[in-house]
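What follows is a pair of complexes built around chain A, which joins chain B in one and chain C in the other.
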Partner chain A sequence: MISFNVIRWIVWKDFVTELRSRETISSMVFFALIVILIFSFSFSMDQQAAREVIAGIMWVAFAFTGIIGLGKSFSTELQNDCLEALQMVPEAKGAIYLGKVAANFAFMFVVEILLFPMFVILFNLEVVEEISLLLLVFFLATVGLSAIGTLFSALTVQIRAREVMLPILLLPLVVPVMIAAVEATKGALNGDPPALYEQWLELLAIYDVVFTVVSFWMFEFVMDS
Partner chain B sequence: MIACHGIGKSYGHFQVLHDVNLAIAEGECFALFGPNGSVKTTLLKILATLERPSTGHFEMLGMHGLKDREAIRANLMFLAHGTHLYDELNARENLAFALALRGHHPTDRDMKRALDRVAIGAFADMKVRHYSAGMKKRLALAKTMLAKPNVLLLDEPFTALDTAGTEILREYVRERLSDNGTVLLSTHDYDKTRPIAGRAGILQHGALQETAIEELKSDDLV
Partner chain C sequence: MTIHRVIRKVQRFEGWFGGGAALCLIAGLYVGLIGSPPDYYQGEVVRIMYIHVPLAHTSLLGYTVLAVGSLWYLWKRDPIVDNMCQAVAALSAVFTALALGTGMIWGKPTWDTWWTWDARLTSFTVLLLILIGYLMLRTFVDDPEKEARYGAILAIVGFVDLPIIHFSVEWWRTLHQPQSISMRGVSISSGLLVPLLLMSVGMSLLFSYMLMVRTQLLYLDRLLHAKKGRLLSQFHLSKSDS
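Now for the complex of A and B:
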C-alpha cells in the first residue's frame, strides 16, 4: 500500500531544504551553463546545421546535469544519519522512492526549462511552433532519467566512490532514453511531422513505465540491504 | 518486551557478536555497558531493524524481528548517534516531518509542549544547522517524546547532554517505564544510568554477560 502522506512529505522536505540551501539546482545550472558555453564557442554554424547537432548537445548537458542532482538526492540523507530514519519509516519504502522521484524530476525539469532559452539564444534557434512538442519530449525523458536515477542514487549512496559509481552504473542504462530523446528533439526542432518521430516518444513512455515500476519494486530491497 | 535468541553478527569472516541471549520485560530498562568497539551499537541497530543478524533472531512486542519489521518499526524509536535531523529545517519542521512519516500529525501545541519540555522551545524556529550538539540531542528527544513508542532504544543517550538535559532524559525514561514501555540503552556512564536501569549487561568481545546493575563495579566498565 503506497502512502501518499509519505510521498507528499518527502517532496515537501526536499523542496524546502533545496530552497534554503540552493545546493542542488545552483550546481546543476552552473555545470550546464559551462557545457553550453563550451559547445557554443566550439561550433560556428548556421541554423540548419545547429538543428542537426543541437539535440545531442542539449541531452548531453541535461543528462550530466541531471546526474549531479541525482547524486545529491540521497547523499543529503547521510547528514546526521537521516538515511537511517528513512529506513525505519514503518511504511512501504516505495512511497519514499516516489517522493524522491517527484522531487528529482522537478529539479531536473526546472533546470532544463531554465537552460533551454540559453540554447535558443546561443544557437540561434526558432522554436516557437515546436515548443509544446519539445516540452513533451523533455517531460518524458526527464521522467525516465529520474525514475532510474533515483534508484541508483539510493544504491550508490553508501559506496565510498559514489560520485564515480553513479554515472558509471547509470549512463549505460539510460542510453535508450538518450537516443530516443535526441531523435525526438531533433524531429521537433526540424519541424518534422510528429508521425516521423512518434516511435521515439512511444519508446520514452514505455521506458518510463517499465523502469518506474521495476525501480519502485527494487527500492524496498535497496533500502533494506 | 524484547527477546533475543542467539543473535550473532559477522562481517565477512570476522564475527563481532556471539550468541547474544537477552530478555527485557515491559516496564524494564536494561543498560548495556561495554568498551569502545564492543559492538553495542551493532546490537542496537539489529534490534532497530537497521541491520540483520547473521545468526539467531529476536522478538519485539511478540512480533518476529525479521518478518514483522514494519510493525516493529511503528512501535519503536531509536535515539542514535546520528540525530536523524535535517540541518536546513527548523525544530518544528523536523518534528512535523519525522512524525508525519510515522503517520503522526502533532499539533503546533503538542510540538511546542515537547520543545518546551526539553528546554529548546525558544529556538523552535531556528534552523537546526545553528544548533549545538546538545540542542540537537534534545530535539531528537522531543521527537521521541511525541512518537510515544512502546520500545525505546537509546545509543549513548547522555553524550552531549548537560546535567539538566540528562535529568530530562531520565525523567522521560521513567515515564515510558511507568507506561509499561521497554527501554534498552547503551552507555559508558554508570553514574548517570544507575538511577533508571534495573538490569545491566556488559558486552565484551561480542559476548553479553548479564548482571544486576547494583553488582557492577566501576572497574568492570573500564
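Now for the complex of A and C:
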C-alpha cells in the first residue's frame, strides 16, 4: 500500500530544501527569461506575429525550464547518498514517486504562474476572460510533464551523461503534451470558444492518467537495487 | 557453461526463416518490379510502396516485440530476453529509418515535397527518436543488469505512448493517404496486393532471421565478457599467490 506519510515527508523535504537554498525555482525562472529573450531576438516579432507563435514559445520555455527542475529533483539526492537512503525506505516505492511528482509539479507550476505575466507584458497579450481555462491547460500539461519527467529523472540520475539523456529521452515522449498544450493555449489566448479546443484538454487529461499510472508502476523497477 | 536452450532452438529454425525470407523477397521483388502493372494515378512511383509499406509494418511489429520482451524481462529477469530486446531495438531503428527514407523518396514525386509534417510521418519520426534514445540509454549504463532494466522501462513507457502520440499528431494535421488495408476491407487492386503481401511476409521473415542471428551474437558477447572477467580474476589471484 501507499504510505501517505512517505508522500508527505518527501514533499515537505523538497519544499524545505527549496525554501532554504532557493536553487531550483530561481534557476528555472532565470533560465526561462533567457529563453524568452532569445526567442524574441530570433523572431523579431511584431504584435501580429507574436499572437501566432506565442503559445509555442511559451511551452518551449516551460518544457525546458521543467527539465531543469526535473533534473535537479533527483540529482540533489546524490549528495550524501540520499538516493540510497530513499531506496531503503521500507515502504512501497510508489509513495516516493508520488511525493516527488507533487513537489516537481508544484515547482513547475509556480514557475509557470510567475512567468505568465512576463509573457503578457513582453508580448502585449490581451488576457481577458479565459484565464481560468488557461490555468486548467497549465495544470493538466504540467501534471503530464511532471508525471513522466519524474520517472525519467530518477532513471537518468544513475547513468553517465544524465544531463544530456534526460531531455533526449523525455522530449519525444512528451510530444502529445506539447502539441495539446500549445493548441489549447493558442485557443484560450485567441479567445476561441472552448468547444474548439476542449479535445486537447481531454487528451491532456487522458495522458495524465495513463502516465501517472504507468510511471507509478515503473518507478518500482527504477528504484530496486 | 552450456548453450542456452533458447539459443539451441533458434539455431535449429533460423535457416528456415532466412530461406523463406529470401524466397518471398525475390518473388515479391519480381512481381512488384516486373510482373505488375504501374498504378493508374501514381505510375511507376507506386513500386517503392512494395518496400516502404513492409518496412513500416515490420518496424511497428519490431517495437511490439520490444515492448513484450521488455515486460517479460522485468517479470522474469532472464538475460537472454534482454539480448533479444537489444537486438530488436537496433533492427527496428534501422527499419524505421529505412521506412522514413523510402517514404521521402516516394513523397517527392507524389506530394512534390521531401518532407511534410503529416501525422504518420511525424509519429514515425518520434518512434525513431524513442528507439535511438533507447539505444543511447543502453550505452550510458555501466552495470549490465541496470542497463537491461532501464531499457525495459523506457521501452514500455514508449510503447504506451505511441498510440497517444499517433492520435495527437493525427488531430494536429493529416495529409497522409488513409491505410489501404484495414478492418473494413481492402481498397487496392489485387495486382498491387500480391507483391505487397509477398514483400510484407518476406520482410517480416527477414526481420525475424536477423533478430535471431543478432540475439545469438549479443548472447555470445555476454558469455565472452563473463569468461574474460573470470580469467582476469584468476590471473590476478594466481599473481598475488606467487
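The criterion applied here is as follows: the second predicted complex is superposed on the first by the 215 of 225 C-alpha atoms of A that agree within 3 Å, B and C clash if a C-alpha of one lies under 4 Å from a C-alpha of the other, contacts with A are read in each partner's own complex, and residues count from 1 in each chain.
Basically, a residue touches a chain if its C-beta (ideal position, glycine included) is under 8 Å from a C-beta of that chain, and two chains touch if they have at least 3 such contacts.
Everything quoted here is computed from the prediction, not taken from an experiment.
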item	value
Chain B versus chain C as contact partner of A:W9, first or second or both or neither	first
First, second, both or neither for A:M218, with chain B first and chain C second	second
First, second, both or neither for A:V89, with chain B first and chain C second	first
Chain B versus chain C as contact partner of A:D81, first or second or both or neither	first
Contacts of A:A161 with chain B and chain C, given as first, second, both or neither	second
Residues of chain A contacting chain B in one complex and chain C in the other	none
Partner chain A, residues of chain B touching it in the complex	48-50, 69-71, 73-74, 78, 80-89, 93, 97-98, 100-103, 127, 136
Complex interface listing, chain A residues touching chain C	148, 151, 155, 158-161, 165, 168-169, 172-173, 175-176, 179-180, 183, 199-200, 203, 206-207, 210-211, 214-215, 218, 221-222
Parts of chain C lying in touch with chain A, wherever the complex brings them together	74, 126, 129-130, 133, 136-137, 140-142, 146, 149-150, 152-154, 156-158, 160-161, 164-165, 167-169, 171-172
Partner chain B, residues of chain A touching it in the complex	3, 5-6, 9-10, 12-13, 16-17, 20-21, 79-82, 84-92, 224
